[in-house]
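Both complexes shown next keep chain A, but they swap its partner, so chain B is in the first and chain C is in the second.
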Partner chain A sequence: MTLLSLLDVSKRFGGLAAVSGVSFSVREGEVLGLIGPNGAGKTTLFNLITSAFPPSGGSIRFRGEPLEDLKPHAIARRGISRTFQNIRLFAQMTARENIMVGRHARSRAGIWRSVLRTRGQRAEEARIREKTEELLDLMGLAGCGELPAGKLPYGHQRRLEIARALAAEPGLLLLDEPAAGMNDKETREIRQLIRTIRGLGVTVLLIEHDMSLVMKVCDRLVVFNFGRKIAEGTPEAVRGNPEVVEAYLGREEDDEDA
Partner chain B sequence: MFAEQLINGITLGSIYAIVALGYTLVFGVLDIINMAHGEIFMFGAFVGMLIATKAQAPLWSAFLGAIAVTGAMGYLLERFALRPLRGRPGASHLASLISTIGVSILLENVAHKIFGAGNQLFETPFAEIRFDVGPVTVYLVQVLILAISILLMAGLSLWLYRTRAGKALRATAENLETAGLLGVDTTRIITATVVIASAMGGVAGVLVGMAFNYINNQIGLSMGLKGLAIIIFGGMGSVSGAMAGGLILGLSETFVVAYGSSGYRDAIAFIAIIVVLLIKPQGLFGQAAPEAQR
Partner chain C sequence: MPFDWLNPYHLQVASFIFINILLGASIYVTLSTGQLSLGNAGFMSIGAYASAILTTRHGIPIPIGVLTGALLAGISGVLVGIPALRLRGVYLAIATLGFGEVIRVVFVNWESLTGGAVGIAAIPQMGRETLAALEKAGFSAASVGLRNNQFISLTVFLLLFAAALLSILFFLRLSSSRIGRAYAAIRMDEAAAEAAGIDTTYYKVLAFCQGALLSGFAGALFAHATSYISPADFTYHRAVEILVFAVFGGSEHLLGPVFGGIFLTLLPEALRFISDYRYIIYGALLVAMMIYRPQGVIDPPLIRRLAGRRAAEGAGR
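Up next is the complex of A and B:
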């Protein structure tokens, strides 16, 4: 079943076409990898899905509902969460509080009720705390809960950001280079983590440059170059695609020039 | 003498702290100084005066009235002076600063039109009630100001650090865009912040009326400047900085008057602030910006 579908999506910044005429869909329960050279438009696509800015053309639908006119917080509430290429934690808040804010999209108690501290409000806070501890454990962050997020080691920050995104119990999780800057051991942990996340029933859209990770963890791949989709298919099929090889390695003539 | 001055200083300082909290909350989420905050504070004082002195109604109703009026003013300020400018392509975020300056001039003149330029008496039935604790004379009003200030500051801290909405506010203050992506309705958070900050300004206005027994349409300006100095001193956007800064300024002003010369009251207080900033430019509790995030 299709969870997210993009139809002929484009984004221009002034004269620059960052994304042009891109169509593909994400199926429920799969891990779909978005790969392509730097500047191919992958992160722009994430920003379009989460409505950081509107597309110049085309439509994006989540569970059949168009997303273009929704505000970012409304999209989060419909079940799309993301992490960032350059980690964007609330550095001055504790790890635990970061996850609690991530839970925001799933909880209902409002500002005025929080002042009055109703019974429903207190029950809600108790549920948030319970879920937060679960996520800290799941991400291997137990014991780090009270530390300010900005003081955690880099690998922990990456995992905390994923925990914060999962706190909203998303249907679709967008991971933007979760293994960037990590060593082999940490990358293996991320691979394990993505499998665990899929095991929870969360569909994953993954941007990643580490090819061994992508090949091992993704069910399907969509390949980008210069803002266009150039290939789509299983990791094996994409690996053998001449256009993909060219995008990554350049043509043979280019090699001779170099 | 010393103990009495200490009480005076703490009373004054806790009022400063509440005014500064209003500035710091708004600065936290919007990254601008709300230049109309002082005038909203002044309206709180006038509403309190109308209810408590003119209508002779009980004091608690003066607080409720001031909260209602200044909270509504905060809503209107956000809705009509700040929101239309926010997120507009090409609009500098200084535009909203200028907009709040416009509102402050408007409010000061509205107050001038309604209440005139002179001092207005702010009398409460128990202004003269005092009691002696050993050699120290304490006014009931001072105890009341202190109690309300502590309640307000403790309540705000609890709300910010313990509740879901408070955490959403702090998250919005750290990074508006990321908070939005996590499902926080940042427009609502900003509106609520300006309303809460303004209502706190209104409470501070009533407290100042009670402490000094008179008010006029200029008190917004001088209190506004002090609130501003306090948040720079305490660290922009820092809640604990606003509280500590307010107390320090209140105490130093009081002791300068008591043991030095009243003419130097403001000068010495501000010199103290300049010295702190020379040593710690980000303010007492300010975080050195790790990197430019916006």
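Up next is the complex of A and C:
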């Protein structure tokens, strides 16, 4: 089952083609890795999927519906959540409050219900708190709930951002370099977390530079270079692809010139 | 008379505290989404003039005049809030300050409607109207041991107290709901808030509208407490005064500007014995605040500490 499909998607910034003619699809339940050198257009692709800016061409469909005309918050409501490459938590809020904000898309109490504290509103808040505690536990953040998010250690901040994204109960989770800047132990924890997340039935689209993590956790990979897709397939198939090797290591002639 | 100590002057100062609490809360609500609006003196004047004109010239009852004034201010808040979405920080502050001045100049020049620079006098006063209505029903202030002017001031005090209390409770509850969390999220990181499913456009305009509505409400109550308004009541001095409530009291929790409104209304009164020098102390205090406690007197950690102590005491009992 195709969950997300990109067809001939392009994005130009002035004269720079950040993404050109990219097509691939994400299947329900898989962990799909997006890899490629820095500047290959991976994060741009995330921004296109979440409508942070519109594509210059092509179409993006989620569960068969086009996403291009929706605003980012509407996309989050449809079930796509994301984390950011440079962690973007609500720093002065507590960890718990960060996750509660993440629940926004799955709650609905308006002004009057919130002020009058109706039965329905209180039940909804109780559900938000319950879900928040579950996520704190799941992400190994139990005990950090009352700490300001900005004061948490780096690894915890990464996990808190994932927890906030999961609070919206997304069908598709976009993770932008979750293991960046982490040591081996923390990277192993992230690997475990991604498996746990998949176990929850959440499809994961993962941007990551840590190759051992990518190879171990992804079902399939899509490889980018200079804004184009250069390969797609299982980790084993991609690893042997000469074009991919070239993108990462350079061409042999280049080596000889040097 | 048994209540001779009840001084109408003191009651009047106390009544202005409640007006200023509402104004402090009004700047906070908009600011809680990260938008600094200095247009609240303008929204206040819209509420004040609308209610004053309706009640004085068209015989509309005060409560309906006040509600209409607040609503008109709220609608203007939406109209200003939408283009304001494009502006941030100091640019938004300047644009909204400009809006307030434009409104004031309109009121100065639209003489047929507003009485121009002279303003509107003989606005029905809420205390006097209440007494008149009660007297018609056979009540007299003397029957509860009060002089008429004491009764009038006390009524104004109690009505404004109720208005301030209800408004504060309204916004305290709002701020601890999903809407308050959305406001805070937008203030801290708009893009992350949007990605978390928060319609930032809607909530920013909503917060702008609520701030304007609250200013208009305060303005309408002001008109019916003093029974005289003129454009001089709504100059940029007023806008800055409201800003100072938030700067001094604290802008990260609703109770900050509320405290600022109370303290800074009382301070000049308490210092009246040194007459002209009192504004020097007022200014020195603000400078000292900027140096030693730039976030304002009241900030969320302080609230948590106070709440925590109370919870601990409760548990100890």
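Note that the second predicted complex is superposed on the first by the 257 of 258 C-alpha atoms of A that agree within 3 Å, B and C clash if a C-alpha of one lies under 4 Å from a C-alpha of the other, contacts with A are read in each partner's own complex, and residues count from 1 in each chain.
Heads up, the rule we're going with is that a residue touches a chain if its C-beta (ideal position, glycine included) is under 8 Å from a C-beta of that chain, and two chains touch if they have at least 3 such contacts.
Computed from a prediction, not measured in an experiment: that's the story for all the values here.
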{"item": "Clash-or-fit label for the pair chain B, chain C on chain A", "value": "clash"}
{"item": "Touched partner set for A:71, first chain B, second chain C, both or neither", "value": "both"}
{"item": "First (chain B), second (chain C), both or neither touched by A:127", "value": "neither"}
{"item": "Contacts of A:52 with chain B and chain C, given as first, second, both or neither", "value": "both"}
{"item": "Which of chain B and chain C A:195 touches, first, second, both or neither", "value": "neither"}
{"item": "Chain B versus chain C as contact partner of A:151, first or second or both or neither", "value": "neither"}
{"item": "Shared contact residues on chain A - chain B and chain C", "value": "50, 52, 71-73, 76-77, 81-82, 84, 88, 90-93, 97, 100-107, 109-111, 114-115, 117, 121, 124-125, 128, 164-165, 168"}
{"item": "Chain A contact footprint on chain C (complex, rising order)", "value": "170, 173-174, 177-182, 184-185, 188-189, 191-201, 206, 252, 300"}
{"item": "Interface residues, chain B side, partner chain A - complex", "value": "159, 163-168, 170-171, 174-175, 177-186, 188-189, 192, 287, 290"}
{"item": "Footprint of chain B on chain A - complex, ascending", "value": "50, 52, 71-73, 76-77, 81-82, 84, 88, 90-93, 97, 100-107, 109-111, 114-115, 117, 121, 124-125, 128, 150, 164-165, 168"}
{"item": "Residue numbers on chain A that touch chain C, as the complex places them", "value": "50, 52, 71-74, 76-77, 81-82, 84, 88-93, 97, 100-107, 109-111, 114-115, 117, 121, 124-125, 128, 164-165, 168"}
